[in-house]
C-alpha cells in the first residue's frame, strides 16, 4: 500500500498503510465471530437467501422482515440496518422509513444500497430521498453512482459526495473505492466471476453492514467488509468450475478466512 | 436407545427402542418416495427455494402460493400444510387462516413453525392465535419455545405443553426432543454447520410435514423427518468445506439416503 | 436428426436438419454472450435467484422488479419479458398487464410460463386471459398444457394450438416439442435430475427468453434455449452427486458451453 494522496496539510488524502491493513480487516472478522452482530437486512427477493448465508458465514445473524408492525422491533434490536432498493415492492418500500426511524432512534447504523437506480426514475427519487436521511454508508457501483449523484464515478467525485452527504461512500468495481471525504482506501481484491452472480453486491453490502455493527470507524469497517468478501471471492475463483460452484466456495472461504490469508492476499492502497 | 422415562404405569414415558427405530425412519422415507406427497408450504421468502429443494430431495412435491384466491385450492389438494412465520408479510399473513381453514376442512394435517417469535410482540401474538387453531405439529427452537410458552425450553415443559395443546412438539437443538405429551423421542443427529445455514430449520420442518403427510402417527413422522434431515446433515458435514458447500451436499445425501445408512447413524433415545 | 414430418406440400412438417442444428444453437449462445440482452423476469419467489443466475450464466442481464411504478420502465428498456405465474401474489399479478403493455408498446417480445395452472381455477383464468394478449412463446409442461388448452399434451395438439394462438409453443418433458404450428423441433436433451430441482423449468424459460431477445425466429430461439439448458443439464448430471450439487454444476456447464460440446451432444429431430 502506498500513499498516493495529496501532500500533508490538505484535507484530502489517501489513507496510509498504518490506517488500513490486513490486521484491521482481521480484527473486524474476529469481532464478527465473537459478537455475532444482528443485521436487519431489508433487501430484494433475489438476494435474500444468499445475503443471509453470507452474513452467517461472516459470523453475523441475519433477520429480514419487512412488515410494518414488525420491522421497527427487529431494527431496534439489531446492530446494523441494511436498506437495499432492488425489486422495490410496495410493502418493502413502506417498511424502509419505519426501519430507518427505528434505527436512528436506537442509534443503530444504517447502510443504503441503491440497486439499479439508473433503470427507473421512481426508484431514483426514492434513493435520493433516502440519502437525505443520512445513511452511515452508501454502497453503489459506477452506473448507480453516476445516476444518483450526476457526477462521474471516480475517486474525486466519491470523495466530494462523501464530504457533502456526510456518509462513507463505497464505489465498488474492479477496484473498490471507500472514502469518508477525507480519507480514501482502494481495495483491489475480488474475482471476475463476482460480476456473474446475482446479488453478489447486495450480499457484500450486508457483510459491510455487519462490520459497521462491530466497529466505530465506518470507513475502516466498510473497507474491511469489502476486503473480506473480495479475498473470499478470489479464493473461490481459484477453485470454482464456473459461476455455479463459485458462490458455495465463496461462503466456505469467508467462513474459514484467517489472518495469514488476509495478510497474504489483501491488495489495497 | 434407552428408556429413561418414568416407570411403567405413569403417563409420561420415553418411547422405547421398539417404538422408534431406524426401520421406522426408513419406512417413512420409502413412503415419501413412493407416494410423493404434496406439501403446501406457506413459508418465508428467505427459505422458499431451499425448502422446495429439500422437499423434492426427500421425494415430496412442493407448492408455495400465498394468494388469497389460490391458497385454499392448493391446500385442499395437498397432503400436508406448513405454516412458517418468518418474514411475515401482509399477504402471507392473510393467507394463513384461509389455508388452515381449508386444511382442517379437508382433513389435511398442518404444522406451525413460529420463526423468531421472540423478536416481535406482534408476531408472538399471531403465533399464539395460530396455536389455538391446533396444529398437528409445533416445531420451535429453544428461544422460540420459551417466548411462545413462557416456560423453560426443556423436555418436561415440551411434554406438558404438548399435552395441553394437543399437538406434537418438536423442540430442536443439538438434541431434538419430539413429544406428544405422553411419548418422547430424543434425536441426537445433526451437524454444527446446520446452525450456520439460513432456513435450515424451516426446511427441516417442511420434511417433517412431508412425513406427517404419509403416516398416521405424527410423533413418529416428526421424529423420522428430523432424523432423516439430521443424518443427511451429518453426512454433508463430513464432506463439506464449509457452510457454502454444505447445503448442496445435504440435499445429495437426503436424496441418496438408504436403510443401512440410517441404521448405522441414527442416534436416538 | 431426421425428418419425420408429413410429405412436402403440406403445411405441417417437422423442421429438417438444415433448419435447426448445433450451429444454430451455438449461434444463439454467441449472440447471448456478445449482446448481453436484458431480460425482465416477472417470476415467482421460489425461482428468482436461480433464474437470475441462469440468465447470467447464459450471458444475459436479469432484472425482476414487480412494482407498478417501476415495471414499465424496466420492461421498456429490456430485450425480452418473461411472465411466470408461479406463486402469483397480488402485486405481481397487477404488474403483469402493465409489463405486457409496455413490452408490446416497445416491441419487446414476451413469453408466458403458466406454472401450476392445473391446481387453481383462478390461476387458470389469469393464464387464459394472458394468452389472449398473444405472447411470442408459451412454455408449459404436459399437465399445464392439458389444463390450459383442454387438449391432450401431444405434438399434434401443440401444433394446432400454436397455429390458432399465433405463438410458439414449447411443450417440455423428457422430449421437448417446440412448434410454431407449421414447423416442429423435438429436443431430447436433458437429465432426470432436472425434474428434482425447483424452478428448473422456470429458469429454462428465462434462458429461452434471452434467446428470443437476440434472434428474430422465435421457433429457433426457443429450441436453442431449451437445447442449451438440456445439454448443460446432461453435463451436470454426469458429475453431480445428487439434486443438491446438480444446479451449481448446471450453471458452470452453461457458462462454459462451446460449439464442439453442443455438436457432440445435441439430440433433436
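In order of appearance the chains are A, B and C, and numbering begins at 1 in each one.
Note that a contact is a pair of C-beta atoms (placed from the backbone, for glycine too) under 8 Å apart; a residue touches a chain by one contact, two chains touch by 3 or more.
All values derive from a computational prediction rather than experimental measurement.
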Exercise. Give a one-word verdict, same or different, on whether chain A and chain B use largely identical residue numbers at their interface, taking over half shared as same.
Key: different
Exercise. Give me the rotation angle that lays the C-alpha atoms of chain B onto its copy chain C, rounded to the nearest 5 degrees.
Key: 120
Quiz item: Once you find the CA centre of chain A and the CA centre of chain B, what distance in Å lies between them?
Solution: 35
Quiz prompt | chain A, residues touching no fewer than two other chains | solution = 45, 49, 91, 247-248
Quiz item: Inside the complex, what are the residues of chain B that reach chain A?
Solution: 44-47, 49-50, 86-91, 93, 116, 119-123, 196-199, 240-245, 247-248
Self-check item: Footprint of chain B on chain A - complex, ascending
Solution: 45, 48-49, 52-53, 56-57, 62-70, 73-74, 77, 91, 247-256
